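In the two complexes that follow, subunit A is the common piece, with subunit B as its partner first and subunit C second.
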Partner chain A sequence: MIMNAEFQIWRGGKDSAGRFESYSIETTEGMVVLDAVHHIQSNQAPDLAVRWNCKAGKCGSCSAEINGTPKLMCMTRLSELPVGQPVTIAPLKAFPLIRDLVTDVSWNFRVKKKIPPFRPRKPDAPDGTWRIAQEDIDRVQEFRKCIECFLCQDVCHVLRDHQQFESFSGPRYMVYLAALEMHPLDVEDRIPLIKKENGIGLCNITKCCTAVCPEEIRITDNAIIPLKERVVDRFYDPIRKLFNLFK
Partner chain B sequence: MADLHVPATIQRFGQTARRDAWWVRPLVVFTVLSAFVIYATWAALQGVNYHYGSYLSPLYSPELFGKSSHAWFGPLPESWPAFLPTSPALFILWAPGLFRLTCYYYRGQYYRAFAADPPSCAVGEPSRKYSGERKFPLVLQNLHRYFLYIALFFLLILLYDVWKAMWFNDAETGHERFGVGVGTIVLAVNVVLLGGYTFGCHSLRHLAGGIKDRLSGRPIRRRMYMCVSCFNRRHMVWAWLSLVWVAFSDLYVRLCATGMLTDWKILL
Partner chain C sequence: MIGYDEWHYDVLVIGAGGAGLRAAIEASATGARVGVICKSLLGKAHTVMAEGGIAAALSNVDERDNWQVHFTDTMRGGQYINNWRMAELHAREAPKCVHELESWGALFDRTEDGRILQRNFGGHKYPRLAHVGDRTGLEMIRTLQDHGIHMGMEVHMECTIISLLKDEGRIAGAFGYDRQRGGFILFHAPAVILATGGVGRAYRITSNSWEYSGDGHALAYQAGAALVDMEFLQFHPTGMVWPPGVQGILVTEGVRGEGGILLNNKNERFMFNDIPPLYRNQTADSPEEGWRYTQGDRDARRPPELLTRDHVARCIVREIREGRGSPHKGVYLDISWIREKMPDAPGFIRRKLPGMYHQFKKLAGIDITKEPMEVGPTTHYMMGGVMVDADTQMSTIPGLFAAGECAAGLHGANRLGGNSLSDLLVFGKRAGLYAAEFASQNKAGKTDDVNIQSLADDAVSFFRQADGENPYAVMTALQEMMQDFAGIVRTESELLQAKESLIQFRQRARKVRVEGNREYNNAWHTALDLQHMIIVSEAITLAAIYRKESRGAHFRIDYPDPDPVNGKMNQVIRKGSDGRMHVESIPLKPVRPDLQQLIDEMK
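Coming up: the complex of A and B.
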């Protein structure tokens, strides 16, 4: 069914005052927001900047705020949005704007570089490699689904509202840290780092990261809280500390 | 991470481009939690009508000192200072109260509903200094596991209360007789819901197996971890149902004790 729909898209660069501009297009059944943006780019605004790649929800490039909610444009069907109202499309608010819908997310990659990488224990199989039981790797495999779309970083109020970029790594890197810390082969100790440099205590577990994750990773329940519990083991559990003294 | 500063636009309190009714959820949480706290405080301060026959209100269990037959150590000693509280609930209610207050699920909910920190996802919050759970008093949330240990003990006591609620005084013989009343079912459902909530606790999940990177070769531990994880997936549902049912159980016993409600015996 062909319908006319209005889109309000953020236009502007980092040095100019931005504003929402309206575009009307004819939409067809099955269209996603990214299709509409491409249609506008092809026919009405050839200078509209938008980052995208796979159109399949796997590259994590087309993150934006659709009607105020962080989402992937390629995975948001127009039929999911309220009918008869303009659809607003804005860039991620937590990161510096480059132009239109494109933001500079390079801060995330700089954070990642500061995390000690995977360090496996010495090979223990006769052929000089390792053996891992599937049941030991199940937990970590959930974290490997992350596509680094940074929607969780965008919605996290510690970054978005409190601007604590210097003391908090954000949910994406809590997932990354959990994947490393819970890995059955990894022997690196990152718990003091998770407490101090990565600032896990700043998370107040309001689960917005989980709510926006397009891969449906249970970020708070399966990554952040288990890491918080490991930090409690090391730093906040007096009985465990006492027990460790006599170990 | 001093070199990682990113400038961004800060939203004003309540500012958002969201079109949905984002305020409904925090409002419901605020209303239900406030109603529970007000009711539980009122009920705890009463000190009367908390038991009816073999039934004991969960807000008063275990009854350490009191005048009912459920009291572990009998009435309060006469030397008890008059200015101190005497209601049996006030001696014990701090434990389940702190278990819920420090619960990971409730924390997220009341930070949103009571402190607007944030009011909802992608909604601007009041401007203020933020330190998360790193400083006093919120750093004490890390003691949640200790309240879990107490909650597990309380669960056993509430289970025993259900057993006691299956024995009724036979008016003809004067002996106790097995039976099931509506109150027995109310108290039993209370234990089931509290059990579902407690066994899904994130701290218990950690202690059951989350603490280990490898669970292969530890079949019992792995089974425990899977079991707690199963309850944990519905932690929110268990949390709300058990909260409401505790208040309802107290209300049921209270109404029976005041004679406003008749406890129907299903089996006697």
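Coming up: the complex of A and C.
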């Protein structure tokens, strides 16, 4: 079925005043938002800036705000969106704009670099490797599904509204930290860091991150809350506190 | 005068996929100063999309497996024109490389006794692919990335190299631009590793992203390095065919590994109708035997759906051409049928193939646990590339190395699934090691500012074109042309037509017009990528014209059979002193006797 649809796409660079430009195209069956953006780029706005790669929700490049909601453009079908209304496509609001739909997400890469990497215990199987049971890694494998699209970072109030980039690492890195902390081989201790540098206390569990995760990782329930519990156990446990007093 | 930033490294790695990152890790470990460059953000390279797994003879699931069997499988799959030394190193070193990933934090799916689980894949005799559901590439790239960033390497994201630089025949560095701001950058380094991946963007239907414009192939060619095996482009048998926007997106071979079958519109399992002689002994006689194989019965032989990709893709094309295809010009791939065989089939499918379940549900509105998928061949993987020394991965230019998909040799005429991810690890590591060694023995060469000014001026010339074409339009036309004339089924007359029209494409591409400025301008990026796509298209076409036989992925209807003389040759492509592209046939190196014996014993 061929229909006309209107798209309002944010245009503008970091130094110029931006605005929504309107484009109208003929849509085809099964089209996703990224297809529409490509169509507009090839025919109407050649210099439109957009990131993309895999077109199948595996790389996390084409993050944008579609009708105000953070989503992957490649996985959002036009048929999911309200008919007859223009579709608005805007860049991630939490991060500085580079141009059009492209933002500067380099902060995320800097945050990761500051987190102590995986450090395994000594191999303990006769062949110099490890034996690991599947049920011991199901949870960590859930975290490792993360495609680093940064939609969770974009929607997080602490980052988006309060701009606490210095004191809070955001849901993506809570998931990353949880994957490291719950990795059956890892022996590094990151709990003090999680409390202080990564600022886990700033998360007030609104679960907005979980709602936008395209990989359906249960960020709040499975990563953030267990990490908060570990921090509490370490720092606020009364018996441990008493013990520390006499140490 | 156009200004540029400058960086100095011992080893410069162009590409941050599996091969580039593995190389950078190894080079950094020697203490070398390492720079890594990639066109996208870190972690978004093609490696992230790999689904099915990494091939390595760990023999965790079947203890009969070992490097020798893996070696002979790889040679058979490549129809014996592979670089046998690379096939040997790959088969021997892959298991250690997989364990190394584990020691850096990768978590593969496990066997009952807690070891790395392995799955069946086409052309592999035993279950051999270490995997994580159907997102193995993500596990691999993330592990390398998270390990690598702590090793001292500097990463330049969203930066594209447009030329390699030489000094007296030796590599001296590379020149490129920052995609975000549009400024130029000069990298000085005595050793450069190309790890730029493949070329699929030159075709209309492909599983590859915009990044695969064959940059490494073209950069090496322009610098004077030899390319080899460029006629061998793999068309993966199962890409999505509908809806139009997702045409070409990959459906992992893992679907067939877990029991999926191919059907035509007569509901016939057509793969049973045509089994090549090389594989007759290894292929199941009946659907029942095939099913038992996928369920781990060690006496059963593989179902014909798990024959090599070149063959399966051609059978699918035949079904479609002869009118037995599905409504959207594909065939059916059905995994839902296994509910006849097991109690919780939907749960099994969602657990083993979560990505595929999600992909079809979201993009095509199809529940693969209940209904068949529609699939057809898609341009997927380039076997050909930079000709390298097997042990060191150095190209024919001193100081220039290549690894991963942009290098050639390991896969011969056809790559086995899973052999790419292991290729990246084994040869990425070797390239990193030997590049660092080369850098420690050679000082950086000189670069020539006049040359650099002219490269930069060429690159910005598109903004001055008054009435050139739209770069996207020229790219689309090129993709259509290559798809039609140098695709999965080839013939002399069409290839000659492709060759002719590439002359015009070259002129059109030089004159495309770009508006706006250099800041994150996708039209400008496309104009520059297009130049590389045309060189690669020319190389594919010429090599395909010269190979007058059918072998592996290269299928000529005018020469439908393999030919013993051609079968002893590789085709090498070089830029001549006249500036034109030349093809030369070079004889294969005789296989070392002990390896030849293995091949003969396992025939």
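Structure notes:
Following the convention adopted for this analysis, the second predicted complex is superposed on the first by the 238 of 247 C-alpha atoms of A that agree within 3 Å, B and C clash if a C-alpha of one lies under 4 Å from a C-alpha of the other, contacts with A are read in each partner's own complex, and residues count from 1 in each chain.
We take it that a residue touches a chain if its C-beta (ideal position, glycine included) is under 8 Å from a C-beta of that chain, and two chains touch if they have at least 3 such contacts.
What you see is a predicted model; the values in this text were computed from it and never measured.
By the document's definition of touching, of the two partners only subunit B reaches A:F95; subunit C does not. In the superposition on chain A, A:A5 makes contact with neither subunit B nor subunit C.
Of the two partner chains, subunit B is the only one that A:T206 touches; subunit C does not reach it. In the superposition on chain A, contact is made by A:G60 with subunit C only, not with subunit B. When the two structures are aligned on the shared chain, A:H183 is found in touch with subunit B and with subunit C. Of the two partner chains placed around the shared chain by superposition, subunit B and subunit C are both touched by A:A133. When the two structures are aligned on the shared chain, A:H157 is found in touch with subunit B, with no touch to subunit C.
In the superposition on chain A, contact is made by A:R77 with subunit C only, not with subunit B. When the shared chain is aligned, subunit C comes close enough to touch A:V50, but subunit B does not.
Under the contact criterion defined above, the residues of subunit A that touch both subunit B in one complex and subunit C in the other are 104, 133, 183, 186.
Of all residues in subunit A, only 13, 28-32, 34-35, 41-43, 46-61, 75, 77, 98-100, 102, 104-106, 109, 112-113, 117-118, 120, 123, 128-134, 137, 140-141, 144-145, 147-148, 180, 183, 185-186 touch subunit C in the complex they form. By the touch criterion given at the top, residues 40-44, 46, 48-49, 99, 102-105, 107, 109-110, 113-115, 132-133, 135, 137-139, 142, 146-147, 149-150, 155, 157, 180, 209-211, 242-246, 249-250, 355, 358-359, 362-365, 470-473, 476, 514-516, 519-524 of subunit C touch subunit A in their complex.
Of all the residues in subunit A, the ones that touch subunit B in their complex are 65, 67-70, 82, 85, 88, 90, 93-96, 104, 107, 110-111, 114, 133, 135-136, 155, 157-158, 160-169, 181-184, 186, 197, 199, 201-208, 211-212, 220-221, 225-226, 228-233, 235-237. On the subunit B side of its complex with subunit A, the touching residues are 1-11, 16-20, 104, 107-108, 111-112, 117-118, 121-122, 124-125, 130-134, 138-139, 142-143, 145, 202-203, 205-206, 210-211, 213-217, 222, 232-233, 235.
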